[in-house]
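Both complexes below contain subunit A, partnered by subunit B and then by subunit C.
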Partner chain A sequence: MSDTTFYKPNQLDELLSLLEKYNEQAVMVNGGTDIVSKMTEKRISPEVIVYMQEVNELTTVQVSNNMISIGGAVTYKSVVKHELIKQYPGLITAIECVGSPPIRVVATPAGNLATAAPAPDCAVMLLALDAKVRIVSIAGERDVPLKNFFINTGETVLKSNEVIKEILIPESGESSYSGYARLARKKGQDIAKILVGVAYDLTEGKLTNVKIALGALSNTPIRANSLEQEVEGKTLPEAISLVKKIYPEEATRRLSRYKLLKERATPYIIARAFTNSKSVN
Partner chain B sequence: MQDLGIVNKSVKRSDALAKTLGMAKFTGDLKRKDMLVGKALFPVHAHALIKRIDTSKAKELPGVEAVMTAADIPGRNGYGIMCPDKPVIAEKKVCYEGDPVVLVAAVDEETAQKALSLIEVDYEVLEAYDDPRDALKEGAVLIHENHPVAEDGNLLTTVKVDSGDFEKAFQEADIIIENDYETPIVEHCYMEPDICIAEYDPLTQGLVLTSPQQAAYATIRSLAPVFNLKHSQVRAVCSIVGGGFGGKEDSVLDVAAVAGVLALKTKKTVYFELTREEVFKTTGKRHPTYIKHRLAATKDGKITGIDVTTILGKGAYVSMGGIQAPLLAVTMRTAIYAGGTYYVPNARVRSHSVFTNAPYSCAFRGFGAPQAHFAIECQMDELARKLNMDPVELRMKNILRDGDRTIYGQVMKKSRGLGLEECVNRVKEQMKWDSLTFENDGSVKRGKGMAVFMYGTGIPLLFEGAHCYINTQTDGSVNVAVSSTEMGQGLITAMTQIAAETLGVRFEDVVISISDSGASPDGGPTVGSRATTLVGNAVMDGCNKLKKRFLDFAATQFNADPRDLEIKDGKVFVVGKQETEVPFASIVSKAFVNQVPLSVVGTWYPPKPSFRGEDGQGTPMHAYTFGAQGIVAAVDVETGEITIERSVIACDVGKAINPAMVEGQLEGGVAQAIGWALMEESIMKKGIMENTTFHKYLVPSTKDLPDLESIIVEHPNELGPYGAKGIGEPPIIPGAPAIRNALYDALNIKMNTIPFTADRVLDSIYAQVAGKEVE
Partner chain C sequence: MAKEISFTINGKQVSISVDEKSLLVDTIRNDFGLTGTKKACGTGDCGACTVLVDGKPIRSCITLTCMVEGKDVVTIEGIGTEEMPDPIQEAFINEGAVQCGYCTPGMILTIKAMLSENPNPTREEIKNELAGNICRCTGYQKIYNAVEAVAGKTGSK
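Take a look at the complex of A and B:
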């Protein structure tokens, strides 16, 4: 086995210089929950590992300019217990579905985005919350809306010298609701077969600004725009009974032994995400 | 029964602290840098002829110390717990993914792995069978051309049970219930992967095999001929075991054979450990079954007959499948339990074990009984529906009582403990069964289900002797050596309790040494829920012999009759005269200088068992454990998701040596049954296993379980230590049918194939809806 050099920068500029220097040679490790299994199975054998979880600038959750910012190295456990996150009940539900408590102590939302797995609980809910990703490299920062972030399974717009600095979520209003639901093969420690995040505002009893995000129904998390339009302006009970009847056209029903299950159950899981939706109040 | 001191108390497990602190040493913790690392090249096809093997490049690789093919085996190239039909290294063909083709030993894992990649093998692929029913068809390719014991082609063995006149029973029946049931291939999923450290011993020219296993002496008997060694030259040692569930009775042979031949070849110590993927692909599994069950009954709910045909998927080798009568093992259990816990006067039962190209099916918690009970317990619920009778009432009407005969002719004896009725009543009471009804909650429907079972303690007819070695030290402490295994079930603690109680010493004065053929005589395998009962009896026997010996000697010191003396809590005294009390240690040390031997071999055998090949009649078991389980299940008809909301199990264990550990067994068995019923299944495609990770092979997490409610019922077994019967395996038996019956109640749909995955549940619901539309 060739030797692996392990870097543990504490400052963002240090991290960015390392990425600039090693570029594609380097493998970024955040929580490490995906990378370590790839290494044990010898699917990758990196020459350079850059461990980013101790970079000071990336470890906070804060609010600025009406956006909640989750730093690139903040763990799930820190996110769910943060006061600012209480305004997104759907996000808390989604994160509590990820792996197991030991996984959530080290794994991160930013890592969940960068890995670009097809069934990521947190990413699906963030997509419904209209989050964007602030990407940084030595050349500067750029913002990418999450809906434009994923290219394919395992592939994102991130370049090899770039890192997710923070995830930005619009602050919730008084009447903002969010909800999350999933269908897995068992209740704990399973990667779900259907993932649904919904977010909307309730205006005079009607759903507005509806966002529905789906996971495991395409190569990347997707928004179900057609369904969002159908539901816009309906009451919650109307929306729930409506979505039960529609298999969203954006879901491409990937070929797998669960295809039929997905076809049958997806509308009901979408309905369940609406049923589960709550506001901060 | 006399007053008990330490037996029947929930004392803390002796191994709890060391395990909790991570200080207890498992076999993998014994790895040293100077050991060679062994690796096996497994085939890429499940059924194929080997046309060419080229190992030349691997042999030239620096750091490689041995490359072995079949021709290099020092002795017999075959082993197996019942029949030596499994090759250490495949010679002409491979019969499943787990047949090694080449073995390598190298200085480290990376070199060994590299050597494997340099080996070239050409195969001629043969038709591979996943389903035993296909392997039985006319013209099917033979998996073994010349199998030493196979009955006919791919059919390994048939077990028959015939009693009464089943044809007449079916002609005269008011009601006949007929269904097909299927149960899957299941992996044991023990946490500790299979591993062996084989050390060449230059003094004996033999081998020391250190490996997690469940049967030290069976390992020796099975493998000594492979090594061309005498049994006495092979020492089987086992540290504590990270779970076995029956699997490590066989899989130890796979790893110990490989490590052993490599150690003999190199005259060095070889470390051989399977990866998790290799554990999935190569080690034994639960026998999958395809059961056609016909049940005849009168209109007032008395069972009059059964007609049952079971096809078992044997996988590639015999393992614990059974050979000729009476050595019929798992296949026999599927036959004798085909009528469940009921009095069935007329029966025709056939169980056929059939070779396939799946991993060999072996012992797995329940030993065939769970599969058989799944069928009969589902049948009973359908009969109850047809009769419009409560399913529990129907069961009570038919259960075996004192003096009743089973379908295989064994007479039930109250003196051995018949606690089924109490188990059922306790579960009913705790669940308020008679008044338990459910409100439907949107798309979620709820139902209740019950199942009952019986399970014979031990594995009579195979190897049932139990022996131990007990040595008293001059300070009054005691060593008990058993060859049985501590695999999490609590053997060490239970044996300590039995020894302390019987001899009259304190719990902390007893040390148990385990699983070392060099230190103890054969206790038999730690399987079949037998260790506490059978080895416990051997420990009692030894302790009673020692006690008599020390009391006889003490009598000379006390100037009293030995029958007036007692040993208790490490003190010897004249009964009723506290002032005579002396420490046990002082009697032992005086005995020692007075030429009284301080050690003894304890022995126990159950009454000689019988089982006749022609008609399956006999008395195979000495005692049975009974139990009942009630389930409340919720199913979401929109998504197919199942939630087990409640589980109450009651088991008649004869006497709980340690009630907390018995509860542990009940909870573990129930959890494993929930996995079996809802999610576990090894998926095979032409002999290639498709799910070899814990992402794809699912086991329940704590979130998949309700609070597990356990009730211990005690109807003593006159032949068990302090009345005990076996409890390791039984609690897995009733879960799957109880869940199925609860789903039947909830949905009014009978599902006869496990596991009940969401897609399978939705298929059944959609089929029901479609059926209604047709009407």
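Take a look at the complex of A and C:
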């Protein structure tokens, strides 16, 4: 028998008290699809497991002050068909790329953010949608925009007594578009080599408020600010044509066996994300 | 440490003491002797360990047993017998969708969950739904044929 203790809080204050008490000794399990396999591979051996997927306050998708709120325990499967998410076609595409249907039954957007793997589909799209997280602990709440959330691979601003209470995405109007594209080898259970999420408004046929997020092209998901400035004010066909010619300077050129693939294909995957973009699903 | 948890397995109420780090696939195979559920990749990628929990497909190799407390677990042994096979099992036999049989329990349970939500899937929908179940033998086409055969019988066309 191991020394591990398993807790299953049903209320948020229970969860927060457990985290306050056990702090770094506690391993959070949401859907478990990333963390449980790390435990079986014996990479981590927790003293305390806190299973959070049944915390009542974290299981809803709702409108909250002109933003759409996705609770910290809401699964991909619950999100992807939700009426309130139809306004983010890019997010629906990104989520449908994750794992496979049985994985999406338990895995969560919040878990994807907190795990901070280098190639996270949902996180990249949320970054492009300018989402923020509402983080909670026994001390209170704080909001962190996703562009400030990731520190390094596997590392975020979350402290060990904190949990993501909800993900907040600005509401998307009729003239707001989002799209997602990635380069992977097969349909299911594959981690992509290039991930791109785009979001923008169309004002008199021109792109405004452009956001381009990239995954697997740096140690965390990043925004390609320089590329955003290039396409700002262009029409969609002009933008698609332009991005095919530019390898964004924010993307690293890390030496790996995929370096050449990434250099050659990234501009086309970015173009594809724009081509795929829609206003509503 | 050990924790006493209760749940139902193939319709039967059980109460068992498990190590709090134990995996559902190991509990199913070792504590209950139900070896129809397979442990292949161990990382949730291949689908051979798929069981149904509250009717939904779950990767038992990346699920802690404690996570199914109070829930209904169904393994391949629970959906049919040799004398009275589930229609999906029958279709697999008729369509030649089984070769070594290792992926088969996971495939069938994933299909069962799919058909309960979408009784008449298109071939494209079938492929998407089974994208996470790997088969090294059949080349998948006969598996998709088996699903279409079952859907044809149970769904309204």
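The rule is simple: the second predicted complex is superposed on the first by the 279 of 281 C-alpha atoms of A that agree within 3 Å, B and C clash if a C-alpha of one lies under 4 Å from a C-alpha of the other, contacts with A are read in each partner's own complex, and residues count from 1 in each chain.
Please note the rule applied: contacts are C-beta pairs under 8 Å (C-beta built on N, C-alpha and C of every residue); 3 or more make two chains touch, one makes a residue touch a chain.
Since the structure is predicted, the reported quantities are computational estimates derived from the model, not experimental observations.
Undergrad: Sharing subunit A, do subunit B and subunit C clash or fit in the superposition?
TA: Clash - subunit B and subunit C, as placed by superposing on subunit A, overlap.
Undergrad: Check the residue A:Tyr51 against both partner chains and state whether it touches subunit B (first), subunit C (second), both, or neither.
TA: second
Undergrad: State whether A:Asp3 touches subunit B only (first), subunit C only (second), both chains, or neither.
TA: second
Undergrad: Taking the superposition on A as described, I'd like to know which of subunit B and subunit C A:Gln11 touches: first, second, both or neither.
TA: Touch status of A:Gln11: no partner.
Undergrad: By the touch definition at the top of the document, which applies to A:Thr203: first (subunit B), second (subunit C), both, or neither?
TA: Touch partners of A:Thr203: none, neither subunit B nor subunit C.
Undergrad: After lining up the shared chain so the two structures overlap, which partner does A:Gln189 touch, if you call subunit B first and subunit C second: first, second, both or neither?
TA: So A:Gln189 meets both subunit B and subunit C here.
Undergrad: Looking at subunit A, does subunit C or subunit B touch more of its residues?
TA: Partner touching more subunit A residues in the overlay: C.
Undergrad: One more residue to check, A:Gly32. First (subunit B), second (subunit C), both or neither?
TA: Once the two structures are laid over each other on A, A:Gly32 reaches subunit C alone.
Undergrad: Of the partners subunit B and subunit C, which touch A:Ser241 in the superposed model: first, second, both, neither?
TA: neither
Undergrad: Between 6-14, 42-50, 60-68 or 96-104, work out which stretch of subunit C sticks into subunit B after superposition.
TA: Clashes with subunit B appear only in stretch 96-104.
Undergrad: Which positions of subunit A sit in both the subunit B and the subunit C interface?
TA: Residues 1, 100, 186-189, which sit in both footprints.
Undergrad: Can you list the residues on subunit B that touch subunit A in the complex?
TA: It comes out as residues 110, 443, 636, 638-641, 643, 678-679, 695, 698, 700-704, 757-759, 762, 766.
Undergrad: For subunit A, which residues count as touching subunit C in their complex?
TA: Those in contact with subunit C are residues 1-6, 8, 29, 32-33, 36-37, 39-41, 46, 49, 51, 53, 99-103, 105-106, 186-189.
Undergrad: Provide the residue numbers of subunit C that touch subunit A in the complex, in ascending order.
TA: That would be residues 1-3, 19-21, 23, 42-47, 50, 56-59, 61-64, 66-67, 69, 110, 113-114, 127-129, 131-134 of subunit C.
Undergrad: In their shared complex, at which residues does subunit A touch subunit B?
TA: 1, 100, 183, 185-191, 244, 257-258, 260-261, 264-265, 268-269, 272
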